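Chain naming follows the written order as A, B and C, and within any one chain the residues start at number 1.
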Amino acid sequence: MNISDYKGVMVFAEQRRGTVQKIAYELLGVGRRIADTLEEPLLALLVGHGLPDSAAAELIAQGADTVVVVDDPALEVYMTEPYAKAMTAAIERYKPGIVFTGATTIGRDLAPRVSARVRTGLTADCTGLEIEDGTRNLLMTRPAFGGNIMATIVCPEHRPQMSTVRPGVMRRLERDDSRKGSVEKLAVKIEAKDKNVEILEVVVEKAAKKNIEEANVLISGGRGLGNLDNFNKLQGVADELGGLVSASRAVVDAGWVGQDRQVGQTGKTVRPDVYFACGISGMIQHVAGMEDSDFIVAINKNSAAPIFEYADVGIVADINKVVPALVEELKAAKAAR
Amino acid sequence: MDFLIDKEHALLQTMLRDFAEAEVKPLAKEVDESERFPTETVAKMARFGMLGMPFPKELGGAGGDNLGYIMAVEAMSKVCGTTGVILSAHTSLCAAPIYEFGTPEQKAKYLPPLARGEKLGAFGLTEPNAGTDAAGQQTTAELKGDHYLLNGSKLFITNAGYADVYIIFAMTDKSKGTKGISAFIVEKEMPGFSIGKKEEKMGIRGSSTCELIFENVKVPVGNLLGAEGKGFGIAMKTLDGGRIGIAAQALGLAQGAIDETVAYVKERRQFGKTIGQFQNTQFQLADMQAKTDAARLLVYRAACCKDAKLPYSVEAATAKLFASETAMEVTTKAVQLHGGYGYTREYPVERMMRDAKITEIYEGTSEVQRMVISANMLK
Amino acid sequence: MNIVVCMKQVPDTTEVKIDPVTGTLIREGIPSIINPDDKGGLEAALALKDELGAKVTVLSMGPPQADLALREALAMGADEAVLLSDRAFGGADTWATSTTIAAALRKLGFDLIVCGRQAIDGDTAQVGPQIAEHLGLPHVSYVSELEATEGAVTVKRVFEDGYQRIKVKLPCLLTALKDMNKPRYMSVAGIFDAYKREVKVWGLADIEVDQDNIGLKGSPTRVKKSFTKGVKSAGKVYEVDAKEGARIIVEALKEKYVI
């Protein structure tokens, strides 16, 4: 392998049912910064079938220099092997030095398969990406050991340097319709044998359950609430602030709320404008998922709870007494306006 | 001499802890408050082989030993005293005497379903006028050809009503005193056998404690356990084993109360610091743990003696005396360290304190254990 | 059916704490457990065994202490256990790890390979799909339901926004989610047998693998450095009654223009 043959940054522009996902733009955001540092091009790889031209145009507006489109009927619904074939073909054709994929349930399925095929390293769930001075290698930083430590990984002798990137971590660019770029089609032959699994059913679950990663205000409940009734009362605070209720792992394990609401290392990483930690002690696993929130309010009766170390405002009091008082204060504040 | 727990038992402790935390602990409060026998827990214990721990696989057991069984009683009692005594009464007082004193036919018929937990066991010795003085048996069994006719009643019988198989003691010859007592295997379905009044208790409230009534119950001759007149010896030997179980129950209650207290004193703040930062709390905890550890060594020693087929009567009495009195002392201190909250049902330590009291009473009171221990010293 | 469950022994990372003074990881006294997703996969395999009579082999790569995780799997009902343990395997990243495990799987033979989605100490979710690639097998990851049909398995594959039901012909590899079931406890009988049974230990000499592709040498990635996160400077903490606390929060939210 001649490393110097590999140039440019390629991001996998994940789409579902024809809609490019938010993670694709986040990858373009970090990809643009890295590509500019290296003074190399930024490519977006768009894989699917019958995608509208506007999809590629949007990728350009959000930072891509070139959009590589692989279109085939076999690529309409995500299936590992056809997608792996498409991505491998794109890597072989464009020889990017760096490939970013979202750390989604698709990206985390596809990227390892491809990395094994092209015999290169893959670093999962990166939260920090930089170029090292001198070597121009990619420094990939990620949480490890349950979020207790951060590790910086390099892939010095293999190309491309691949990583999956956690959704919600990277900032997307301001979109700019005047940005220029090209669209190239890449033909990849998907054969019948590549469709090596049979998809019997595709179910999209109603988007009624809003994603906690998208919320601006999160009211998160922990074991300190004591029981389900008390946990449900957090909804009152969420209603007043237009936020969503989320939870610690203990609460999810207790079955008070579904796993889609879990914040933390084994749940979701969130960075809302305001994060309420209600009766959450602040174990490192939880903190790993919320510490980047802009403003953190912690309420816990134990003043030694580690959560207070992360809080901008901490209240040492019984959460079950604070919740009704807070709802009242918020109502009063609204009424006064 | 080896004080270290071997690999099998260490693995077993992991399983028992996980099981107790996930399956038993969540029910403990409700089982106590509503005086409900936890049948679902018994079924789960059966599924994972916990109801036949010390018996060989050929007889439906788990192929384990008494140390493992004792660890199970300890682990269950740590989170729920009720569950601990159900397991102990079933294993030590019913399955064990059948295994030790039964004929090959009796073992083949009764032990596999008991050990697999398809059937639950109980033991009936105590009567209204025969408590510590067990020789004063009024229940009689009269030989009538191919069966005995059983008449009388038993009191304070653990697992009563839920058990399918009962080891019952009765006078076959009143003139011989203790030498006239015989043991029988009695089945729940036998006509004339009924369950009487259920006791309302201070602790272990989920366990079923009732009177047993026998009115002309025909017990087949084949259900005589051991020889006629050997019942008193069987009862005493069975209670030697049972005492290790109750000692383990006490041990579990003590450790459970300590664990709850440690968590509480780290959380509860007074005078601007956690109460765990006060030296009084620290010293109390140290005393509680030191005594409980000592109790654990005595209990495990007794179980190991039984496993090694060495005499264990005195060891069992010593373990039960010390563990039960430690449990009472430790749970009382645990309530004290919890302060006012400790006296409420919001925290489990008051239940543990109530549960602990019985361990000083049943299967031989502390006074009886002192008699056993001192008699051995002075013989 | 011949099922091989790949599992990793991991430190229970939920028990890990950071030393508040030195900022370093406190590793002492942290229990080692079977990785939760792997345990879900093991339970799924044992359930297939109960239903159809499969043979379940557990395979782990790690230091000699990983023996404990395999004994636990045996006590839960696995039929055979293999530990891949050799200094030559050490320092491996996911690429080299998957290469090593794939070699062991070739030797073992299989109809179905079950891995956990990811391990809680690394959280990469890479080894399963990479093993499948090395073996040229189809794989399905994020499996939350599994049933066996004739010569195939049908699974529920979870996404953030829904799921697919997928049928895969054997042989294939699945990666399991811990939520897919509630793993059984070890049975007491299984525990008392666990140390009487054999855990095969395979080293480099026991598998056919190119030495350039394993261990640290065969790993494309390197850990350049690792560090604990700095603690954000503390805000203000108030020990007040509930009503005053609520008032303080609302004032703060006003300052942040949230309300």
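Note that a residue touches a chain if its C-beta (ideal position, glycine included) is under 8 Å from a C-beta of that chain, and two chains touch if they have at least 3 such contacts.
If you're wondering where the values come from, they're calculated on a predicted model, not measured in any experiment.
By C-beta pair count, the most extensively touching chains are A-C. Here the chain at the heart of the shown protein, by mean C-alpha position, is C.
Relative to the C-alpha centre of subunit B, the farthest chain centre belongs to A. Centres computed as Cα averages put subunit B at a distance of 40 Å from subunit C. Separating the centre of subunit A from that of subunit B, both taken as means of CA atoms, is a distance of 54 Å.
Chain geometry summary: the mean Cα position of subunit A and that of subunit C are 21 Å apart. Within subunit A, the positions touching two or more other chains are listed as 303. Contact with two or more other chains is made by no residue of subunit B.
Per the touch definition, subunit C reaches subunit A in the complex via residues 11, 13-14, 16-18, 25, 93-95, 98, 120-130, 132-134, 138-142, 154, 158-169, 172, 179, 219-229, 231-232, 234-243, 245-250, 252-254, 256, 258-259. Put simply, subunit C touches subunit B in their complex at residues 68, 71-72, 75, 184-195.
Residues 7-8, 11-12, 14-15, 18-19, 48-50, 53, 57, 61-65, 68, 72 of subunit B are the ones touching subunit C in the complex. Of all the residues in subunit A, the ones that touch subunit B in their complex are 301-304.
Subunit B contributes residues 266-267, 269, 274 to its touches with subunit A in the complex.
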